[in-house]
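Before I ask anything, here is the structure I am working with.
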Amino acid sequence: MDIIKECATALKSVKEKKPLIHNITNYVTVNDCANIILAIGGSPIMADESNEVEEMVSISSCLVINMGTLNERTVSSMLKAGKKANLLHKPVVFDPVGVGAGSYRNRIAAKLLNEIEFAVIRGNMSEIKSLSGLAVQTKGVDSVADEAGGAEAARGFAAEMNCVVAVTGQTDIITDGQRVCLIENGHPMLKTVTGTGCMTTALVGTYCGAAPDYFVAASAGVATMGLAGELAKKALQENEGVGTFRMRLFDSIYNLTEETIRKEGRMKIE
Amino acid sequence: MDIIKECATALKSVKEKKPLIHNITNYVTVNDCANIILAIGGSPIMADESNEVEEMVSISSCLVINMGTLNERTVSSMLKAGKKANLLHKPVVFDPVGVGAGSYRNRIAAKLLNEIEFAVIRGNMSEIKSLSGLAVQTKGVDSVADEAGGAEAARGFAAEMNCVVAVTGQTDIITDGQRVCLIENGHPMLKTVTGTGCMTTALVGTYCGAAPDYFVAASAGVATMGLAGELAKKALQENEGVGTFRMRLFDSIYNLTEETIRKEGRMKIE
Amino acid sequence: MDIIKECATALKSVKEKKPLIHNITNYVTVNDCANIILAIGGSPIMADESNEVEEMVSISSCLVINMGTLNERTVSSMLKAGKKANLLHKPVVFDPVGVGAGSYRNRIAAKLLNEIEFAVIRGNMSEIKSLSGLAVQTKGVDSVADEAGGAEAARGFAAEMNCVVAVTGQTDIITDGQRVCLIENGHPMLKTVTGTGCMTTALVGTYCGAAPDYFVAASAGVATMGLAGELAKKALQENEGVGTFRMRLFDSIYNLTEETIRKEGRMKIE
């Protein structure tokens, strides 16, 4: 499989289909997530009231659940929306923000993992390891967290969960339990802006709403943010910093072309 | 009536009076709405707790209700604040975001329409048609949604509701049921940024807080965003995109002068 | 005490320690607060659910409580988190946004003042005077609000409350009841962006998470935003306005060095 070519094609699908993406997310980066979905060519819905999330799922192509700032009200909406999406066979993307940082957060993550079937889970290595530990405890899956390599741990967890796992870091690892895609795009400055993780997940969701292979969709979403980081950094002038960098991320994703993915994408199937 | 001249005068009033605008709005674009009110020269209050909204309405010149991300808590605040504003004869501006997209949203919109008297309702044509259909069902007003032209439908709805209706689209239509103002300002890129509709409504509210004729205020608010879109687009350099465009919207509104409205405004009374 | 030198050293500590700052804040400027903490070199946590705030306080170096958009749910989280921070001897910074604008807001501010020991309280003169009046009523402290000078009022209030009080305005006043620091940095354009007050408080919190003397930390936080305002204004080109200015604030804080504080800081101990 030529993953770079597949990702370029996925971008084309997003532009053509303009998928409607339903997000139940946190109050810190909700605006950024909506704008990043628009920038790549999708259309965002951010409704999070339990009275209406099922209807919103029904008209959307993908549901993104982000647990950045959890509260009782939105957790109940997440569960309702996730189950509805499963029923309708629509992909659900999960961002377990901060899992491992506290028992409430862990309990909710475990509950979501138990009650919803995810198409893609996207987190950093620490989050994915925590989540995989919770799965061992609560779902009885085999432990994978202690295995040597990050890629192996992610692959094992993806296989156990029967979904795509995307681990972002210096080298990003995307795996469906069989295939593993490694991505070298990105820039350390992405860590100095809040919400670049959330936005990556929103991009993954947008690709999932337009591309049938979620392994490709997740790879494309992660690569898109990595490329945007590189392009945003390259455009920075003297005396500019994280404010300008953040703005340029949106510019770069708005202007991203299939050609840029083909030329600048540093992705390989391992 | 020379609507362009009236709008320029309305801008002068905003700069002089610096009206305090109370917003009960959604969590996606709340920061943008506060910043756009500051950019044009008003002063924003974003309090949304039912325990304090009546007091906030009392010290404000206008109330803006935006139903982007509804929830039970803020709906009750909207109702309380709206009734208080009616009692104090302060203008209430309504943005029925996403009405027509689900039954919960429709029920709340109908409830707000029944219990609050609005000075201005601002939406896109699909929202205004949905809202007008709800009014037919719940308030027994004559149906206007099926009439041929958009301007006629809006005019009929405004007359039935006894308020100003502002329909934004390629050509914006503002009407108080008698007068109709058509505005040709704007740029398609406005659709690629989340919240440009919400911000337009916030601008309408700011003008309503400073100008006595809400038909003029609504026209000025809509024209202001249209002009900002044009100016922001014009300022874009190569490789810049939706991130920079969004920033330039705030720059343009901050720098907007009466002269720009007079020279660049493409508005006419039909 | 050479306050400018102390503030430069405090910046160095922030960069070295990268303190984790827990914020319970408002939905208007939450993203800006997270980004400003990252820009200066800290690490933000924005969790506000009462089920998890105690755990989050436990892993953080400082708690910031901002009452911009109060609601019953977050007020209960503020109280729980504040008490936990007191128990763990971690500094709590308070931004009494809009106190004096209504009875609900006043009641909550008084409750927070009664139940939590603050390390720093940051507000404008009107807020600090309102808060000091509430303290007179509810805590039986001596009245200081009617005293002649702003600095004297602030000093008296700080002494009564046994904390640092930071009053931002044309001249900023920071005092621990004994020492008084006056800061002349800043620019009027800071008032045209929503959240510059909240961001200043978030910066104060970040410095408190890294520097042991909260009088210095508060001075450094306030001076940092003042310097950023000056630098952002200086960088503005023709036709740019409040949108660009806002972005440049983040750039300036990201690029702020000890040398800039030493060269451009206009601070003195009175």
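By letter and in written order, the chains are A, B and C; residue numbering begins at 1 in each of them.
Throughout what follows, contacts are C-beta pairs under 8 Å (C-beta built on N, C-alpha and C of every residue); 3 or more make two chains touch, one makes a residue touch a chain.
Note that the structure is a prediction, hence the values are computed from the model and not measured.
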{"item": "Pairwise touch network: line, ring, star, complete, or other", "value": "complete"}
{"item": "Chain copies touching (chain B, chain C) - same or different residues, decided at half shared", "value": "different"}
{"item": "Separation of chain B from chain C, taking each centre as the mean of its C-alpha atoms, in whole Å", "value": "34"}
{"item": "Multi-partner residues of chain C (each touching 2 or more other chains)", "value": "27, 31, 246-247"}
{"item": "Touching residues on chain C, where the partner in the complex is chain A", "value": "27, 30-31, 34-35, 38-39, 44-49, 51-52, 55-56, 59, 73, 235, 246-255"}
{"item": "Chain A contact footprint on chain B (complex, rising order)", "value": "26-29, 31-32, 68-72, 98, 101-105, 192-195, 239-244, 246-247"}
